[in-house]
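Chains: A, B, C and D, in written order; residue numbering restarts at 1 for each.
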Amino acid sequence: MRQTFRLIIDCPDQVGLVAAVSQFLAEHNATIVEASHHTDLQTGRFFMRHEICADNISMDLNQFKSQFVPIAERFNMQWKLIDSHEKQKVALLASKESHCLNDILHRWHTGELHCDIPCIIANHPQMQQFADWYDVPFHWIDFSATSKAHAFEEIENLLDHYNIDVMVLARFMQILPPETCEKWQGKAINIHHSFLPSFVGAKPYQQAYERGVKLIGATCHYVTQDLDAGPIIEQEVIRISHSDSAEDMVRKGKECEKSALAHGLRNHLEERVIIHGNKTVVFAK
Amino acid sequence: MRQTFRLIIDCPDQVGLVAAVSQFLAEHNATIVEASHHTDLQTGRFFMRHEICADNISMDLNQFKSQFVPIAERFNMQWKLIDSHEKQKVALLASKESHCLNDILHRWHTGELHCDIPCIIANHPQMQQFADWYDVPFHWIDFSATSKAHAFEEIENLLDHYNIDVMVLARFMQILPPETCEKWQGKAINIHHSFLPSFVGAKPYQQAYERGVKLIGATCHYVTQDLDAGPIIEQEVIRISHSDSAEDMVRKGKECEKSALAHGLRNHLEERVIIHGNKTVVFAK
Amino acid sequence: MRQTFRLIIDCPDQVGLVAAVSQFLAEHNATIVEASHHTDLQTGRFFMRHEICADNISMDLNQFKSQFVPIAERFNMQWKLIDSHEKQKVALLASKESHCLNDILHRWHTGELHCDIPCIIANHPQMQQFADWYDVPFHWIDFSATSKAHAFEEIENLLDHYNIDVMVLARFMQILPPETCEKWQGKAINIHHSFLPSFVGAKPYQQAYERGVKLIGATCHYVTQDLDAGPIIEQEVIRISHSDSAEDMVRKGKECEKSALAHGLRNHLEERVIIHGNKTVVFAK
Amino acid sequence: MRQTFRLIIDCPDQVGLVAAVSQFLAEHNATIVEASHHTDLQTGRFFMRHEICADNISMDLNQFKSQFVPIAERFNMQWKLIDSHEKQKVALLASKESHCLNDILHRWHTGELHCDIPCIIANHPQMQQFADWYDVPFHWIDFSATSKAHAFEEIENLLDHYNIDVMVLARFMQILPPETCEKWQGKAINIHHSFLPSFVGAKPYQQAYERGVKLIGATCHYVTQDLDAGPIIEQEVIRISHSDSAEDMVRKGKECEKSALAHGLRNHLEERVIIHGNKTVVFAK
C-alpha cells in the first residue's frame, strides 16, 4: 500500500478556500492522488478530502501539520491530517453470531482492512474460537453474572487498556449506556439488521416478515444515544419473496450485514466519512 | 399473446389437494404452461396458480368453472378462473406528476400491459395532455371547488360508469376516504414514494433527505384505510449519496416509482398477486 | 435551474494545476457548486470538472474564456467552458421500437433532460405518432427505397440543417457508415441491448437466452467504427431466470435500455463524461 | 433442519404427468413443503422439484424409490430422490486466494451449507492455515514439482479416496484436463471472476479494466471442456467507476465471487439445479 497523507477538512464554505489549500499543496510539491469536495447547500458547510502522495512532498507529517495551521485558522477549519500507514486500533464487540466477526477478521487478515485488531470483547463465550484462530485476545464479559453498569465498566477498561480508536459492534446484542455513546461519539460503529429507519430495535427480520416487505436490508451507522438513529454510513438491501420465512430472511440478510459493515468500516478507516449533524458525507471510492 | 386459462386457488393446506387439481386438469387434457405453489407454514394456508393452454383443453371457460365446483367445495377453496384474453378495466388516478402516468400509458399502448384504460381521473388539469395523446377520456375533479366527500362521490360515479375493475393511484395526491378503501379492497393500487414502512405520509423524499439514508425507494401496495400500510406488492430502491439534494432524490426516485408500479400492476393484471392478511403472495415470473 | 458555468479540463497531470485553476476561480469570486477530479495513474492524465455559480462571478462567459487561456496553455489543457443554460441540440434516431424514444421525449418534456430536440429521424414510419405528440418534426428515411449511402447522406443533411450537437441512436437499427462514425466521434450515443462486451451485434437477447446467462443488461456507449466497441458511458443489468423466454428478456431488458440511455445522455449533456482513449471518465452525481 | 425428501424429475412434457406424481404423493400422505415446475417450450422438456415432509409420509426412502419406478418408466423420467439429511461430500480446490475458501468454510461451519467437507486440495501451500483452523485435511499438490498429468492423477486419487460427490473450484487457478471435466460433468463447480461470457480466461479484471466497463461480475458455473463456457448457475455484478484501478476491481469483485459461488453451491446441494443442455434450470428459493 502506497503511503499517502490524508487531509480532511470541514468548515464554512468560502471563496478562496480551495485555492488556499491547493496552493499550499502545490508549494510543497504534493501530488494529489484523490480529491473530493462537497458543499452542503442547506447548511453552507464545506467538506474536502485530499489524498496526496507522501513520497515526493517536501515535508514530513509534523511539518505539514504545523505549516497548515495558519490556513486552517484563517478559514475556521475542523481538520485532520493522517498518514495512511498509521493503523487505527479497532476493538470488535460480538455476541453469538459469527458472520460479521469472521468477515471482518478475514478482510483484516488478508490486508483488505488496514487496521490493528488488538482485542475481541463479547458478552457470550462462543466467539472465542474465532479469536483464537486469528490469534486475537478474547475477553468474555459475562453480562449474566454482573450488573450491566459493571459489565460496561469492564468494557471501557479494556478499550482503555488496548488504546482503542474505533469500537465496532459486530452484531453485539447489548445497548450501549448513554455515557459510552457520548464518549465514543463518531467512534462506535454498529451494524443494524434492517433497512433503517424501518424496524428499529429487536427482531427486525421478524418485523420485516410480519410487514411483508419485498426487500430486506442492513444499516451501518454510528452509535448515538438514540437507539438505531445515529448517522448512517452505509446501507445494503436484498430481494426476498413470500416464500422466505423469517429464518430465510435472517440467513439472506447476513449478506447485507457483512457487506454494509465491512464497507462502512473501510470508509471510516480511510477517513472517507465525515459526520455532519445526524448525517454523513461519505467520499467513497 | 397466447390464450390461457388462469386458475387461482387459495385454501387450507391439505394432502390430496394438488393431486385433485392436477388430476382434473389432466382429465381435460390441459397443458400446464406455468404452475406456482406456496404454503404459508405459519397459517397453514395454501396458494396455487396454474396457467394452462386454452387451445387443447376439452372445455370452455364456463364448463371448466361448473365442473371445477365440486373440487373447490371439497377443499374449501377461494378460487377464480380467468381467460387471459379478457382485459381488466383500469382507471388511472393522477395529480400533477406525469412520470408514472406516462409510463403506464406507454406500456399499455405498446401491449406490455394487457388491460383497458377507459378513463383518467385527476384532481388537477395538467394531465389532460397525456390523456389526449393516448386518446383516453380525461376527467378533472376540482377538489378546490367542492367538498372532498363530493369529489370522491364524483370519482365513484365515474368508476361505476366505466365499470372499472382496478383503480391505480399513479401519484394521486389525495387520501381515499375509508368507505372507498373498503369498497375497493384489493382493487386499488397505490405507489408510495418511499421504501415502506419508512417515511409514511407526506414528503417522503424530504424525510429521507433529513434522515440521511443511503438508498431511497418506492413501494407499490394495495390501499387500505391505514395510510401507506396496506399489503405490499413490489418495492424498488436506488442508491443515493450525500451529494444528492432532496430534489435530486425526487428525480432519482421516479425510476423506482415507475418500475415498482408497472411491475406491481402487471403482476396484479396477470392474477399473480394473492392477498393474504396484510401481506401478498406474488407468483412473479 | 440555477445558471452555472461548467469548466471541463483534460491534461497531463502536474503539480500546481489544481492550485492555478482554483486560484483563478477565487480571484474572480467564483462559488464552486461541484468539483470533481480524477487522475489516471496508468496514463498520467488528469481530468477535472468544476461547476461554478454564474451569479456572483466577476466575468461573463467570454471574459472567462479569454482570461483562462494563459492557464490552459501553461498546463497544455484540452478544455471547455459551458453555460449550463445553453441547450445542446439532440437528434433522436429511431426504428420501430418506441420505449427509449418515448422515455427520452418524456424526460425532455418534463425538464429532466436539459436540451433541445429539433428532430426525430427514423428508418421506419411508425414513430411518427410519438413525434407528433411531442410536436417534434419527424423525418422518415426509407432505407428500402434508396441505397444505404444515400440514406445516410439524407441523414447527414438533416443533422446539418438542424445544427445538431448530439445524435442519439434510440434503438436505431442501422449501422452508421465509417465516415459518419468518424465525423460524429464523441457525439453519437448508442444504446446496445446487451451487457457489453457480451453479445455484440444482432439479436443480443437471443444470444443471451442461448448462453443461459442469469442477468441481462444494456450498454450506453459512444459510437465508433468498431461495432458495439466504443467507449462505455453507462451499463445496467436485470436478473432473469430459466423461466424467461427470449421474448421475456426483450421486455425485461427494456428497463435497462431506457435507464442506461437516459442516464448516459443526461451525463453527456451535463458535460460529466470525458472520453479517454476507448474509456470514459464519468463524473456522475 | 427438518427432514424432507426431494424428488427431482426431468422428462418430456406430457399431459397427466403432474397428476400422476401428485396422485402418488397424496396416496402416501405426503405433505408438499415446496413444489417447482418448469416447461422449456423450445425443447418440450419438463422439470419438476418437490420437497416433501419426511415425517408423515407412509414410506421410507427405499420404498418410495421402488414404488415410484412404474411412474418414472411410464413418463420416461430422469429422476432422483434425496433425503435432505444426507450430506454430499464436497472437496474444495484452491490456489492462493482465500476469500472464497474462507467464505464457504464459514458457511459450512455455521450450518448454512449442509454438506461434508472431507478435504481441501491446493496447488499452493498457503491455504493450509484455513484448513487447519476448520480442521479439514489439507493436501498440497505441488504442480511445479511434477507433470500436470501426474498432479491431476493425484487429485483424482484424493477425490476417490474421500468419496467426493462435488468438486468446488474456489479460485483454483489450474485448468482441469478434458478427462476430468468429462468424468465430473455436472459435479464440478467453478467460480469465474467475470460476468461471462465476457472476459473468458486469464486476468478478467484486467480485461474489464481495459474495456472500461461500468459493472464487473462473477459467474458460478459447471465445468466443461470448453473453458469458462459451461452451464451457468449464478451470476452477480457490482458497480465500478473510472476511479477504480484493476486492483480495486479485484477487491470489489471478490464480493461477487463469494456470493455467486456460495449461492450456486447451496442451490446445487439442495438439488435445486438441473442441467439442461448448456443451460440450467435453478429452482431457487
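Operating definition for what follows: a residue touches a chain if its C-beta (ideal position, glycine included) is under 8 Å from a C-beta of that chain, and two chains touch if they have at least 3 such contacts.
By chain, with names taken from UniProt: A, B, C, D = Formyltetrahydrofolate deformylase.
No experiment lies behind these values; they were computed from the predicted model shown.
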Of B-D and A-D, the pair joined by more C-beta contact pairs is B-D
Going through C-D, B-C or A-C one by one, find the pair whose contacts repeat those of A-B for over half of the pairs by residue number. C-D
Could you find the chain whose CA centre sits the greatest distance from that of subunit C? D
Chain centre separation (subunit C, subunit D; CA means) in Å: 41
As a quick test, compute the distance in whole Å between the mean CA positions of subunit A and subunit D. 35
Send over the residues of subunit D in touch with two or more other chains. 34, 243
Considering the complex alone, what residue numbers of subunit B touch subunit A? 38, 40-41, 195-199, 211-215, 217, 231-235, 237, 241-243, 245, 276, 278-282, 284
Please output the residues of subunit C touching subunit A within their complex, sorted ascending. 13, 15-20, 22-23, 25-27, 29-37, 39
The answer for subunit C against subunit B in the complex is residues 34, 98-99, 102, 106, 110, 112, 133, 243-244, 248, 251, 255, 259, 285
